[in-house]
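Read through the structure below, which is laid out as structure tokens, and then see the notes.
A, B, C and D label the chains in the order they appear, each numbered from 1.
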Amino acid sequence: MKRPKVGFFDFACCEGCQLQVANFGEELLDILGAIDVVEFREVMSEKWDGDFDVAIVEGSITDKHAVERINRIRERSKVLIAYGSCATIGGVNGMKNAFDLTDIRKYVYGSDYKFFHTEMTKALHQVVKVDYFVNGCPVYPPELVKVLKAALQGIPYYVPDYAVCVDCRLNENVCMYEKGVACFGPVTRAGCNSWCVNNGNICYGCRGIVSNPNEKGMKEVLTKYNIPIEFVLNKVNMYNKCRELVEGGEDDE
Amino acid sequence: MEKVVIKDSNYRIRKAKILRTKQLTKMEKLFEIALDGGESLDQEPGQFVMVSLFGVGEAPISVCSSPTNRGSFELCVRAAGKVTGAMHRLEAGDEIGIRGPYGKGFPIRILEGNDLLMVAGGLGIAPLRSLIKYAFDNRRDFGKIHIMLGCKSSEDLLFEDELNQWFKRMDVHYECTVDRAASDWAGHVGQITTLLPGVHLETERTFAIVVGPPVMYKFVLRELLKKNIPENQIILSFERHMKCGMGKCGRCQIQNLYCCQDGPVFNYADIKNMSEAL
Amino acid sequence: MKDLQYLILKKENLDGFVSRLSRLRKVSAPVSKGNGEFAFEEVGSAGRIELNYKPTIMPPKKYLMPQEETLLEFSTAKGFETRPVVEYEKMALFGVHTCDLAGIQCLNAVFSVRPRDYNYLTRKRQIDIIGLECGDYCDEHASCTVVSAHMPSGGYDLFFTDLGGYFMVHTNTQAGEEMIEATKCFESAAEAQFEDLEAFRKKKRDTFKNEVPIEPRFIPGLFDACFESPVWKELEAKCLACGNCTNVCPTCYCFDIIDEVGLDLKSGRRYRKWDSCQLEPFAKVAGGENFRKERSARQRHRYYRKFRYPVAKYSKFFCTGCGRCSRTCMAGIHLKDTLNALIKESDSRIWKKWL
Amino acid sequence: MTNKKTLNINVEYITRVEGHGNIVVNVKDGSLEKCRLDIVESPRFFEGMLRGRSVFEAQHITSRICGICSCGHTLASIQAAEDALGFVPSEQTIKLRKLLLHYETLDSHILHIYLLAAPDLLGVKSFVPLIETHNKVVRRALRMKKTCNEVCETLVGRHVHPISAIAGGFTKLPREKDLDDMLGKLEGMRPDMEATVELALTLKFPDFERDTEYVALVSDDNEYPMLMGDVGSTDGVRMNKKDYRKITNEFIVPHSSAKHTKLSREAYAVGALARFNLNSEKLHPKAKEVATVAGLKPVCKNPFLNTAAQLIESVHCLEECIRIITGLKNSGVNYNEEIVVGLNEQGRIPVKAGNGAGAVEVPRGILFHNYEIDDKGVIQNANCIIPTNQNLNNIEYDMKKLVPEMLDKTEAEITLGLEMLVRAYDPCISCSTHFLNVKFVNR
């Protein structure tokens, strides 16, 4: 069997998800036995001008240049994988959308702000067709392997559409609510093995919200535990602000 | 952790080979399958098997051929999920795994000697076809046979060449309707319920067998009851999500019933008060 | 006769028992997880074991029916080859409360009924179970008396009752006898000690009272009358569908079956993994239809799977009164509240008929 | 020089660096007209987004500035937050933070030495062909990388965006078996480290020097300063971290979406070489030994040798990690210090208005975070100055000196030389495109 040609690409992101690939250790060599990585700017100088069987794309779309580039990548790729929170749900870059874009540009660049174009942050699927989603900030490596295999097999991968609590309970963590702390586990898509709660932190919702959350019930729970709802909504926007964007969302200019 | 191979596992797989495939429509493909070593599937009409595509998973698929057809069996597969989607890429000669048959099929011994009104909507024709074929192969065991078929559009019709033959048969009353017709469609247009009022039935000796999507049942049942077909002479077959086929995994449960063991074929009288069933 | 089945283990010998046993097999027992929570974990001595614990976060079903277990190994490299397998581990579970013993008995019933599940049954044979009696309620969520799970009624190999300076130990099976033989820590029980046990049980009968205002034999009838009750709609508003209640339930056993391949895409395994009827995709079919889309229908289904359906199929409740589902529910859906609401609601309906 | 060469080099997207940068060089008739490092990374406005957020969320958010130095950002952010709140962390917490910082430095240096820099020195385009030709070396690199990742995972949940390190301390402290596990893995790494040193000593680095001012943390004690200290330079500057703006003197250049900096002269450099040049006498004896064998002496002015300084620091970090864990094993960990996240907001740490700065030596050099918070702990202004920003100006000056020295070479060779120079600094470009708030500075 010919190894499929795989390219890694990045847009606005921290490149931490790509780094997760290097963290596989020697297992990476097994993965490289199954795929032929032909472009991966962060660790390779090789470039590829043919088509890609699989494009793994990290980062969100934040300007016109990026829109053009992602469209070019899409055209050249049989399968496109949105890789990491920035790509799948907009991630932390989405926090920008809570501000007036001109205002935030002025804040950061001062009087020269006009040189620096930016648009509302978008997740990849809000710009191009996406075949697979690997959620998480950063991605959970076992899930990446799962998705990669599904892509190679040509079968769909369904991102779990149930709460992080499922895994969290199986891991026998003491529930954050028991400790009196707000946690996004109940409304966040599982698949990370409740990574953050296992380490004593709360779930921040980096994998996106389940498709049918009980918002009213969630608010009641917060009220019950005396947690200010405003505080929580602000926190949920740390990763999930782009949810509010309608497909092909508004540009500021 | 120790690991041993167990002989009597419920999850043992029988090897099978695809003998022939036929693309019926864009979404549906027919597979003729033979178990390894000439084993017989020994299914009843209306039963289903778990089909294994290793590395992809298992899916419950009802057998659409009649047990009177020995040596091989047929599955009509709609590409709707992971396994069924991948199955569409398989061709003659490919190997698959089979578990089963599972479930309760159509109650042949009870149907014998009676008239049959068989109503199928969409993919519902697949399980019903096993009974139709069985009844044709044992034609003298049954009274009148009515077949009413409904489909979204004429392009979606399954087993078209067979339908034409049924149409030509003198000992079968066959009608077909489509919701949307292509320009070359000369038949009925409209919901399946529009066919029923015109059928003449001897209600006391007629069994209605209905297989179709969930939305269809409500309307068809209303028509059948209007025609005074006794509740215990209405037979339905349900589709549910199944994983084990053995009444354990809980997926297919309809209140206290397990679709995989107590069904998929049910008597309307038994389930008419179960709100999860219909 | 009775005397032969009972031995005592002095408290100071508990550590000897546990450490000797742990040299023979893995021993798992309740330990503290902090914040007043407990979990069954592997121990090598009695040091970390909490004898006075409220039900662990996960019930012992995590050992009998692991969250993930391989059913089949396959290779498609040349033709295909499959091997049905069972994974098991020789172990002893120490300190299992009567509610959890009842839970294990429920699982035994499910997997013994035909078609029998050899994966479960083979593993079960390798697990010795040592019960531990409660003298008092663990907390306000427990409802073991309504389902009669507060008193020992089999399902164990050895059963410990803490009577102060020593444990009264009941031997129920040959596996239990073998543990006693192998560890040599036990002594025969004296008459006075049987009296202690009697006194303990008597006090216990006074402490444990039916927690809901209905006789257990009427519960199936209650549920028959309440399928369309508005109580379920109230749960719709509260439930977050996190699946906690089913995951922590000692008798929930629904599962998913998943294939996993290696990077060669040719060999792999088929395994089953716990699933939950509370989760959105559970009853969804490939065509997109979801047969229990509403959270109310899913919650209702859960309750019926505890109090109605298994009564017909296995002649027992599949609720053990352990209270875990209520304890774990951040939305505050509490089992006793639900039962009370159903009782109240059906009472009012009966009254309405009369008025 | 008789070379009347005309050159037009345009490297779009420098590879094997973190983030997007282009090199633009224009030589006309043998004289250098243009020589620039363009930063074309899409800006992400982190400082802007931090406004209105709780200072206790800052470390979680700023960790996302960069996946490679996320632990460094976390630590700088925590330091700034605690400074603003007037909170003093416990000794145990400081020990564990130092351990975390060493883990990340070790991890990052190994990644850079093996996967990013070594291919140039071995004349290949990436580590991928090395799988065939130098399988043992690649395996060793991946093994070391994985060990770093695993110990990080044990300590803080994961390396990329650590989970348990927050303002106030740690949400999960390593258990006895965790300490044993980490210690075992690190001690097991020593042979690989020795082999790495051996291999690195065989590499031939380009001969090039430029007189440069180097900036790094300095301190008066005997510890090689990474987490705490004042800011010092080889030109004799020494200032408190609070005065970081006087050191960095940021300014905007039109071709870059990242800000540039200068101190005593036109530019300065930070990073492993800067730290070595300022603090080499405080290195672990084993690291000093490597420096001696490699012939590296302060003040070394060859930027390509930053990779060598990274090697020396790797040895130092590994030994320091082993020392810290052994210490923790002997003293025991106080688990009462384990804190519950989120309860900060509910008064575990008294919240008051303030302005705090953090300065931490992350793998690529000194990193500054600065937050101004109100009396509810809400961030009013934020500023992060990234090592790569500080190096960009210096890289350009290096390039301007390097190009004329290479004019007799082919265009491909010059291009590679320039790329290697940029890569030697191990730039982290997505980090560097988070600019300061100009208004904030001028106020």
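Throughout what follows, contacts are C-beta pairs under 8 Å (C-beta built on N, C-alpha and C of every residue); 3 or more make two chains touch, one makes a residue touch a chain.
None of these values were measured; they are calculated from a predicted model.
Chains that count as touching both subunit B and subunit D, per the definition above, are A. Here A is the chain whose Cα centre lies closest to the centre of all protein Cα atoms.
Just count the C-beta contacts per chain pair and the biggest one is A-D.
Averaged C-alpha coordinates give centres for subunit A and subunit B that are 42 Å from one another. With centres defined as mean CA coordinates, subunit D is found 52 Å away from subunit C. Measuring from the averaged C-alpha position of subunit A to that of subunit C gives a distance of 38 Å. With centres taken as mean Cα positions, subunit D sits 25 Å from subunit A. Of all residues in subunit C, those that touch two or more other chains are 260-261, 265.
Residue positions 55-56 of subunit B each touch two or more of the other chains. Residue positions 153, 158, 179 of subunit A each touch two or more of the other chains.
If you draw each protein chain as a dot and join the dots that touch, the picture is not a line, a loop, a star, or fully joined; it has some other shape. Touching pairs of chains, sorted by label, consist of A-B, A-C, A-D, B-C. Put simply, subunit A touches subunit C in their complex at residues 30-31, 33-34, 145-146, 149, 152-153, 158, 161-163, 165-166, 169-170, 172-175, 177-179, 185-187, 210-214, 216-218, 220-221, 224-225. Subunit C contributes residues 70-72, 74, 76, 79-80, 82-90, 110-111, 115-119, 122, 227-228, 253-261, 265-266, 268, 270, 272, 275, 277, 282-287, 289, 291-292, 297, 301, 304-305, 308-309, 312-313 to its touches with subunit B in the complex.
Only residues 33-35, 37, 39, 56-58, 67, 237-244, 247-248, 260-261, 263-265, 274, 276, 279-281, 295, 328, 330-332 of subunit C touch subunit A when the two sit together in their complex. The part of subunit A that touches subunit B in the complex is made up of residues 153-156, 158.
In the complex of the two chains, the subunit D residues touching subunit A come out as 13, 15-19, 41-45, 47-49, 51-53, 57, 60-61, 64-68, 70, 111, 115-116, 119, 125-128, 131, 138-139, 142-143, 145-147, 149, 156-161, 163-164, 166, 170-172, 252, 254, 257, 338, 340-343, 345-346, 419, 430, 434-439.
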